[in-house]
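Going in written order, the chains are labelled A, B, C and D, and every chain counts its residues from 1.
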């Protein structure tokens, strides 16, 4: 096995409870996004575009669709002879098996996987954020700063800072303390959940953490505080571009709408930083004479006969005549009949909406989710 | 997803305790065999050669090496756009997760995987047998007999029958009863652990079995007896060729020695029924002027300077001058110094044997296993 | 269908596609917003469980090599069998002028090495989605020596195609080249099913007599000796080897019935090379009607009755009508386009007006800057 | 090494391999029991983290296409970058006779499309295992315009190679073709490193002056204007483009020191096409000494000082000495073979005796039955 400078560990085991029926049979990273992607396409594409060719994907919750989606890794150019994408579920050893108890424990249980590649650094990322990031620049920063750990941070508006894990730093970007959702934030630098660790250091902390029965075995709650307690050199790496946690129905909807902004920071059309995905292989989309399409992202395999405004249509969607779709995100293979009205909604994969149905959110109400969990199965 | 007529489920979760240190860090199906193979190559190659392109591999115990070996399935031509090889570990659902309780429970937990392909039949095989078999002929037989289940059976010598699961059949090959290791066998037809089920029928029995708290959730102990109790049509399919359970050190050694028989039934050189494996990509083997090689199977990357007789050498083995190897199976990358004597032994992967060492089994003693479990790590 | 070999024969394929085939074989002409012509027959073969396909390349096949690659998109990147692009083994240039039987002979190893019993031989310029399993089954059931696929159609054909005549039992009595005199409404898809050994025999015996043309010599000359049956294909068919035919059959896809019939009704997908393009972006000012649009486009202008391939940019105020705009074209602001076919990577500068007629569309070759 | 492109230039490669290259390019000549010549430089590139490699094919490249396939064995089956086999885009046969610069020009799109800054240009007939990362690093550190790899060796060469002369600083003062008069012990590996834009500039300016030969015109003619440095490669080297050189360098591998040096000491593997052959079977009667044997063989006779490729069968009583037996040959019982090279699929009938001399080995072409 060839040595790798850096190995990525992608945390994809979360249940994503706040996404409701969207994740009843599906791991959160496998949720659809942006018309032809699943959330996990973003961190995976970031890896491959950053030149990282070895990615362990830690799965635990409902991995069937995710595993099948990851398949052989070829959509992300991660079907490599050495390295590539490896799915890492919990497993049984001679002394029995245990489920992943937390994010840190998940990596701890896979120390053997990491050590096969003898990396100097490990990138820890998660499968539920939408962003484009060059991890290679992060690594350069980490090396230049001779850090034990580097955490990517984002400046968030001060009035939202209390919703995030906030990093307090000294003037040299070194992290002095970390507070999860502080009532009175002293900084507006929020953790993006993207870490680079010097492997040797991380390994020691993982082992110590595992030996501590009081620990919740979590990166944010246990590992980082323990390292800060030991005055380890942990640096904050400021990130300026688009980043969004899509952990709720509302934020998933918002992130889709963000793509429609004229000055969207998340350029999907950048050929030097492609977001790869499994291609559904559908014919070109057909926009009928009766259709009216404005400010939309529409995908292959769609057949649009109605009006669509400020919406994202995933592949294989059908919109019947006389229907009006506005401010909505339609997941793959949704069938909308005639004279349907949908506004401010997410329509789940494969949902069928009968002629004449009307879904309109009250002003200020939650984003509607249309389709049953049965329909949301893949 | 395209419909598949038949899906294979390969049971690869066993710990293989009787193989001792060989499986301390390795699932049994990943144990080396025959110089360049691992045991699982045989059932996987049988699948691909039989035209079965969808194989679920049920793993639970120490799957790291096995997963990495299976990789993208390409060595067996199972890197398919639809289907191919899928690793199926236990996982967590919204109501929690549980480990595989038995062979039947492992399939039960993956009913969702099978149903994606809507197959008419399911082939259940295991990852610890060495044999070449055309499952397509088995399927033809199953269909012709309109069976609910078909079990491949082997005629074993009568005096060994009490070591096997024995099928009693009527004159039409229909199984009338099944006895696990009978003291006084009434038949010498032993189960090979190869089953075809009509999926609809199996699914019902899996669900009933799961609902029965007293069940051990095992195919041989629970599912087959339950089906026989209901007078389901279960047929015995007689198989004539080589088959060997390599569950012990002794049987693993024997199976390797069997390959050296002049009239070996297990022809590895049959181009119409290739046994595929992950290629270690080593240069051609070098047999020195000082070497003496007789009745051996030797692999790429070997450098032989000593005497080797009636032995199997895996890839990357080095044999120093003056050494004598006889009746042995050397796993990959074993380094034998000078003037070493090894007789009737299995030498574990990567073991290093110092100059002058002598390992000779006493007459009638167990087969020696040389190398520590550390060495046996991959 | 383990027992069937596929051959896509590109040798001397009839080609009147003008600029579209100046630098590419007809097999790799872009079609339908994201496909190449060969995708249709190749996908049909794969969907019919034909796992071993040879493409007999002849000339200008570099873009074809790039398109089909290892065959992965068609699930033909296989260890055993799979996809074989066989270039001509040309020792002398004069050989390039020989008939296709000569190439069958040169590539005979492909047939000898394979264990399959039957062969399906096809061309690349037939836009169809055909279940070849049914054709082979019909062939076997009827005890035919050769089965030829045809479509019954009274419509005039803009492409150049052969027609066949059959008797009451469906046996082929005559096969006529496109210039031949016939009233037959049976259009040949140039798809042939036969046993592999019969094919090899026809190749050798025809060549031995000095004949080197597959359809004319190996098939037509033997129509009395052999039992040649027709098989009626009922799906959508486009014979695409002339510009008017290319234009017409492209525009056919704007009929949702035809779009659905070709791509969805059979339940079998047409595969093509993956490009990882994002969804198409329609801006606030865009107006699109009755058009087929591929991913990766950004549309700020008007598009009507047109086909727009992957990665095309259409500027504000541009008006595209009855046109075909291929991959990665850039249409400037206020451009007006009517009855035009723009090949890949064409750039049309701001304010230009280009107009052809439906019978003779304006044609811009690859990479042209206008 | 994201920033380096690899080019393996097969155009007008010097080739005196007689029967071995009648039907194949020198790049796909079998070597060392299981390799093809191109495997060595291609693996070296891959092991040096060059992820984008173009092979400029010229003639007789069908077996090469078959060998490298999608590039998967070299981990070059990639979406972005990867392996590109570029056949000559020949419109006229006369063009086939042009120099390699003409092909560089024809394939210039490959260079334009890629983002890499540097290019490594190599040939296929150099048997070596070279760390090109170190060459590129030395090139950059020294501020060279062009770096040429050479090996210092006083041994007479049986292959035809260029030699270079350098000054005290290592700067190349002269480059001489194999027939040139020189006492230099610096053998060129014909591996060049330079910036991509310099290469493109040299191609255009040389062609503009009517010169079309890469080494002679683009490099040698500019040796005063450009800073061309030598880089000494210290690993094993075989220049394999004549039969005596082929024979000698093959036999070199029977020296365990060379075998280890070429295949193991660098820590970098030489990759080749996978064949899924079982282990080699040595029977009770076999006698093998000082030989290199590949998998899939069955040896019942005697083999001494020889190289036996994959899937060869050697019958009882056969005696093979100082010979090279390629893939899938079948050697009958009691055959005697000495100083012979048998190409693939040769069958030698029972009892035959074939004997060449070390300087002029007996050569049997592919598929010959003796």
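Everything below uses one rule, namely that a residue touches a chain if its C-beta (ideal position, glycine included) is under 8 Å from a C-beta of that chain, and two chains touch if they have at least 3 such contacts.
Small disclaimer: the values here were computed from a predicted structure and weren't measured.
C-beta contact counts were set side by side for A-D and A-C; A-C has more.
Using mean Cα coordinates as chain centres, the one most removed from chain A is D. Taking each chain's centre as the mean of its C-alpha atoms, chain B lies 46 Å from chain C.
For this pair, chain A with chain C, the centres built from the Cα atoms lie 41 Å apart.
Residue positions 72-73, 77, 79, 276 of chain D are each in touch with at least two other chains. For chain A, residues that reach two or more other chains under the stated contact definition are 74, 79, 274, 276.
Residues of chain A that touch chain D in their complex: 51, 74, 77, 79-82, 272, 274, 276.
By the touch criterion given at the top, residues 2, 72-73, 75, 77-80, 115 of chain C touch chain B in their complex.
On chain C, the positions that touch chain A within their shared complex are 32-34, 72-73, 254, 256, 259-260, 262-263, 269-272, 274, 276, 278-284, 286, 288-296, 298, 307-309.
Considering their complex, residues 34-36, 74-75, 262, 268-269, 274-277, 279, 281-289, 291, 293-300, 303, 312-313 of chain B touch chain D. For chain A in complex with chain B, the touching residues are 13, 15, 24, 59-64, 67-68, 71-74, 79, 84, 86-87, 89-94, 97, 99, 112-113, 116.
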